[in-house]
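What follows is a group of structures, each given as structure tokens.
Here come two complexes built around chain A, the first alongside chain B, the second alongside chain C.
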Partner chain A sequence: MTGIVLQQGINGIVIGSLYVLVALGLTLIYGVLVQINFAHADIVTLGAFTAYAVTHFLGQSYFAGIAVALAVGAVLGWLVNATIFSPLRDRGNELLPLIATIGVSIMLQNAMLALLGPIPYAFETPYSNLVIRYGGLFLTVQNVLIVVVSSVSIALLYGFMKFTFLGKALRAVAQDRETAGLMGINPNHLIMLTFVIASALAGMGGALLGPVLVLTPFAGTSVIVKAFAIVIIGGFGNIEGTILAGLLVGLIESFTTQFLDPGLIDIVVFALLLLTLAVRPTGLVAEKREENV
Partner chain B sequence: MGRQRFWGRSLARSRKLRFLLAVVVIGLLPLAFTGSYWRTNLIVCAINVLLAIGLDFVLGYAGQLNLGQSAFFGIGAYASTLLVIKLGVPFWAAFALGTLGAGAAGALLSIFAVRLRGHYLAIASLGFAVITYQVLLNWISLTQGPLGIYAIAPPPTIALRWLGRIPFTDLANLFYLTAGLTLVVYVLLDRMLRSPIGETLTAIREDEISAASLGINASRWKVFAFAVSSAVAGAAGCFYAPFVGTLVPDAFFVTESFTILAMVIVGGTGTLIGPAVGAILLTLLPELLRSIGDLRLILYGASITLVVLFMPGGLMQAWRLLRSRLYLGAEVP
Partner chain C sequence: MKRLRVFTYLAVLAGSFVAVAATSAIAADHVIKIGGLFPISGPGSYFGVQDKQGIELALDRINKTGVAGYTFEIQYEDSACAPLPATQAAKRLIDEYKPDVLIGEECSDATLAVMPIVEQAKIPLINAGSSSIKVTDPGNPWTFRIMPNEVMQGVDIATNAYKRLNARTAVLLHENTNAGIGNANVFADTFTKLGGKVLADIGFGRDVNDFTAIATRIAGIGDVDVIPTYTLEGQGLKITQALMQAGVVKGGGGKAIQLGTIWLPFGFEHKAGNAAIGYIRIVQFDPTDQRPLVRDFVEAFKAKFNTDPTHINAHAYDQIMLIADVVKRGGTDPQSIRDKLAATKGFAGVTGTVEFDKSNQNVEMDTVHYMETKPDLSWVSLKWN
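Entry: the complex of A and B
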């Protein structure tokens, strides 16, 4: 019994750290812009397919795949901001960018569906079949890789936001865009930077997700709904909250699969979301700071 | 100014004229299209118009994005069908209960999220759509899951003394029924929006704080708008089930919410006629362009994005622009 609990705990943390990667991008953008990029999901999917193409067609290493997926994500983020968010910024309707990116998401998803078909791709990395056994526990090197890469990126992001000049400038823009502008910070550049960072994380998340999830053009969508739940549970714009909520949702997912029924995952996660909205709409993690990047 | 006076004829009379025109067009359509293929499409149009004006009520007027229309559509369809099949409830009672049930679900959902920004409501409703889909898929003892419910009977035959028996196995009659209901809902929503309710909702959309300073309880009205919108989607579902004859959860996947959203956005939010036109256009256009096949959804996605970017008022804005170009004297509203 303890074995099962530990094993599912590990699985939960693996999937949870992936969710954190995806959700952090959403929360970063929301923190700076108070906007939702619905196409974030498809950047994840495109990242997964990019890594697949690099490893399976070009025969490069998996790490090269991750790097290319990261770059593709960054470029897509730049594009989404330049074509959608930037032109709509001064329209004054908070829902317009969300609606426009829903359109982008439908387009990307169905374009991928037309090109790649609905049949799942088998994304095998050299690490998928390397198994570490310890006691009764079971872990693939791929899983270790996922946790290590996401933890390192999350730590880097955290350090960047906390300690670098650029990170401080970003937080300044998030707190008060106009005042930051008066201090000589160009908000447009920093908003662009936010999109690039957030989408690069999403692309990389996709490359890591590809081998563990069912890789179809809809792979990102199944993740993004949970990512939305995570950012609300953690508090929109709150990095620590998002990390905790992401791991929590990962654990919920693995334990629901083990002890209840996989079909109930979304239902349990959504129940938690509604509970959060009812009890503590600013997120489960106490928000004592005024800043919430 | 002469032209102005000509166009400025009594608005109420022009509305009555338009209503009569709509009745005549609805009456003539099945006579013009006798094939079952086009009659089926006409019914799909009527159902989609219903869904679109329902969404526009909450999105275009109250300014709240409801991404859960697919769920409320599904709740209406499954609730009414199951009531008829499992409990033997008469169709019209099941219709009323399905509509009310969907409305109640919408109200309940919005209570959780109305205190917050529109984004939260959008995501909560999206999550709700995902959950509803999962419930329909996994509650096999009730919904038969992915196998679906088959052989759903059409609405029962109505016997009227002066018209005789009207069987709804006939597609023309079924079209009259769905289009008639759609027209009734349209007129009801239109009346509601022209009453102070419409101004209240618009005030909330424009500025919640100013609205509150005028004594408007924004939360209550958002719940109201959400409930009406969901109930209309539920009503559409009650007709969808006996029209298609089969119910599978996939018909109520989140994508359906986005399809409805595309109709509203393309038509033009904040008007009722716009989304109705948008629904008809986006239903018929893919049928006319058969060769595009599976690219239908790409067309929907592209239309949403392009309209938001370049013509945020949709077809209605395009129409107003065109009219102001044609009649140079008229003002651009």
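Entry: the complex of A and C
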């Protein structure tokens, strides 16, 4: 039984790492803009298909696929913010950008559907079926990659936010956009940076998720609901909370599958969400909202 | 004389116009309108894409000459493999397009939701992809199913697992839908009555992506002989790969054999790779079938789409060909199409023979073909029926 518990712990950390990667982009945007980005899921899907195209059609390595997916995510984040979200924000109505994220989401989904079709793609990497077995435990090299790349990305993002000038400026914008502007920080540039970083993370998350997901143009949607739950459980806009909640949700999924029933996963996860909202509405890592990012 | 000749020309010309106009009017009237309810979006949309291919080929062929003076046209609506969009799509088709006959859906939950609507509208529905027993039991006079239901498939595969594979233990894997639960229950009932033991019954939602935790649980159960699996293609792919990674199934060095019914299309094994080795499943269509009817279909399909047909292509093709057969026998409006469908005897389709019982269920078992995936990922027909 110890072996099973350990194995499910590993499984939970792997899937939790992926959730964190997706949820971090959401939390970053919420922390800076207090805006929910529904199109995030579709940037994840696009990242997965980009990595698929780079590896399967262009014959490049999986790592090249991850890098291109990251770049495509970043460019798309810049493009969508510059052409859609930013002009709508300038009109001063908070509802318009929110609705626009839904529009962008539907547009991206249907564009991918028209281009790629609905039949599930099998995204195999050279590491998908390379299995490391040790003492009754098993782990694919793909899963090792997921944990390593996620951990490095999370650490880099954390370091960027805490220790660099731009990161500090971003936090200043999150705390008080007007005052930050008076201090010589251009909030619009930093909002753009937020979208670029969040979308790059989503693109890279997609490249890592692609071999795990049932890869169709709707793939990201199945993950994004959990990612929203993670953002809320962790504390809106709180990076540390998001990391903790993501890993927690991953572990809950694994142990619910083992000891209860996989059909109960959503019930358990969303019961935790409701419990968090009732008992600790500010999330697991509660801080003042201004200090979240 | 010259005037007479001009008059004759004009008369012939006018007569020709009248004849052409009359023929056009007849042709316009002599159209069988088919409403297609298929998933075009969502996780089941691979059904819709392949259904359309089969339908397109069938319509191309029968519209070349028409049938008993009738041509055929189709209008599709996206029923999305789910009850709510399926009912909305059915209402739209019935209210706006006014079809003579409907075909679809693929997913049982969607078909069950549509059945009361077609019954109320008195328009026959031909179904080829929903396995839930509830579709034909207790039955609905307007719904006809040409595929074997979950009981026909489940009893057969459980019996074969016990008697031919000597399986004594099973773990059931299924999506939590009418069809998923129903198929798993039928297998469990038959298998346990024969003396087998079900070690676990694991259901999951369609939003589950990572099946490593489920594979880990199965690996921890111990000695599992067979794993009957009931999911759509995408999840089926991930389950098979996870079972291989966990060392449970033959493809991963284990001993368990995955079993399946009519859920996965031809080509699944190439996507799953070595994980699919040893997978035994019922398919509704055997592409290696040597009947001239099947060879002709396979060749025509390859010529049109440059790929091998799947069972989904085949059963969609059969739905249209069955309607053509009904029209040939005099069914030309919803009521007469329904009556002629009910009277169908020995219709030879590419998936097998069609003959309905009183509940409008096809009773012929030659639509059940057992296939095993070999190490080179090819199929071999097991000829168990």
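Please note the rule applied: the second predicted complex is superposed on the first by the 286 of 293 C-alpha atoms of A that agree within 3 Å, B and C clash if a C-alpha of one lies under 4 Å from a C-alpha of the other, contacts with A are read in each partner's own complex, and residues count from 1 in each chain.
Assume a contact is a pair of C-beta atoms (placed from the backbone, for glycine too) under 8 Å apart; a residue touches a chain by one contact, two chains touch by 3 or more.
This is a predicted model, so every value here is computed, not measured.
Participant: Here chain A is shared; do chain B and chain C fit on it together or clash?
Facilitator: Once chain A is superposed (C-alpha atoms), there is a clash between chain B and chain C.
Participant: One more residue to check, A:36. First (chain B), second (chain C), both or neither?
Facilitator: A:36 sits against chain B, while chain C stays out of touch.
Participant: With both complexes overlaid on chain A, does A:190 touch chain B (first), chain C (second), both or neither?
Facilitator: The answer is neither, since A:190 touches no partner chain.
Participant: With the two complexes superposed on chain A, say which partner A:94 touches: chain B (first), chain C (second), both, or neither.
Facilitator: In the superposed model, A:94 contacts chain B only, not chain C.
Participant: With the two complexes superposed on chain A, say which partner A:254 touches: chain B (first), chain C (second), both, or neither.
Facilitator: In the superposed model, A:254 contacts chain C only, not chain B.
Participant: If you stack the two complexes on chain A, which partner ends up touching A:272: first (chain B), second (chain C), both, or neither?
Facilitator: Touch partners of A:272: none, neither chain B nor chain C.
Participant: Tell me the contact category for A:102 with respect to chain B and chain C: first, second, both or neither.
Facilitator: The answer is first: A:102 touches chain B but not chain C.
Participant: Touch test for A:11: chain B only (first), chain C only (second), both, or neither?
Facilitator: second
Participant: On the A-aligned overlay, A:140 touches which partner chain: chain B = first, chain C = second, or both, or neither?
Facilitator: In the superposition, A:140 contacts chain C only.
Participant: Given the touch rule stated above, what does A:214 touch, chain B (first), chain C (second), both, or neither?
Facilitator: Only chain C is touched by A:214; chain B is not.
Participant: Does any part of chain A touch chain B in one structure and chain C in the other, and if so which residues?
Facilitator: 113, 225, 261, 263, 266
Participant: Please output the residues of chain A touching chain C within their complex, sorted ascending.
Facilitator: Within the complex, chain A touches chain C at residues 3-4, 7-8, 11-12, 14-15, 113, 117-120, 122, 124, 128-129, 131, 133, 138, 140, 143, 209, 212-216, 218-219, 222-223, 225, 253-254, 257-258, 261-263, 265-266.
Participant: Which stretch or stretches of chain A touch chain B in the complex?
Facilitator: 30, 34, 36, 83-84, 87-88, 91, 93-96, 98-111, 113-114, 221, 225, 228-229, 232, 236, 261, 263-264, 266-267, 270, 273-274, 277-278, 281
Participant: Using the touch definition up top, name the residues of chain B that touch chain A in the complex.
Facilitator: 59, 63, 65, 112-113, 115-120, 122-124, 126-128, 130-131, 134-135, 137-138, 254-255, 258, 261-262, 265, 294-295, 297-298, 300-306, 308-309, 312
Participant: Going by the contact rule set out above, which residues of chain C touch chain A in the complex?
Facilitator: 40-43, 45-46, 48-50, 176, 202-205, 207-210, 212-214, 216-217, 220, 233-235, 237-238, 241, 244-247, 252, 271-275
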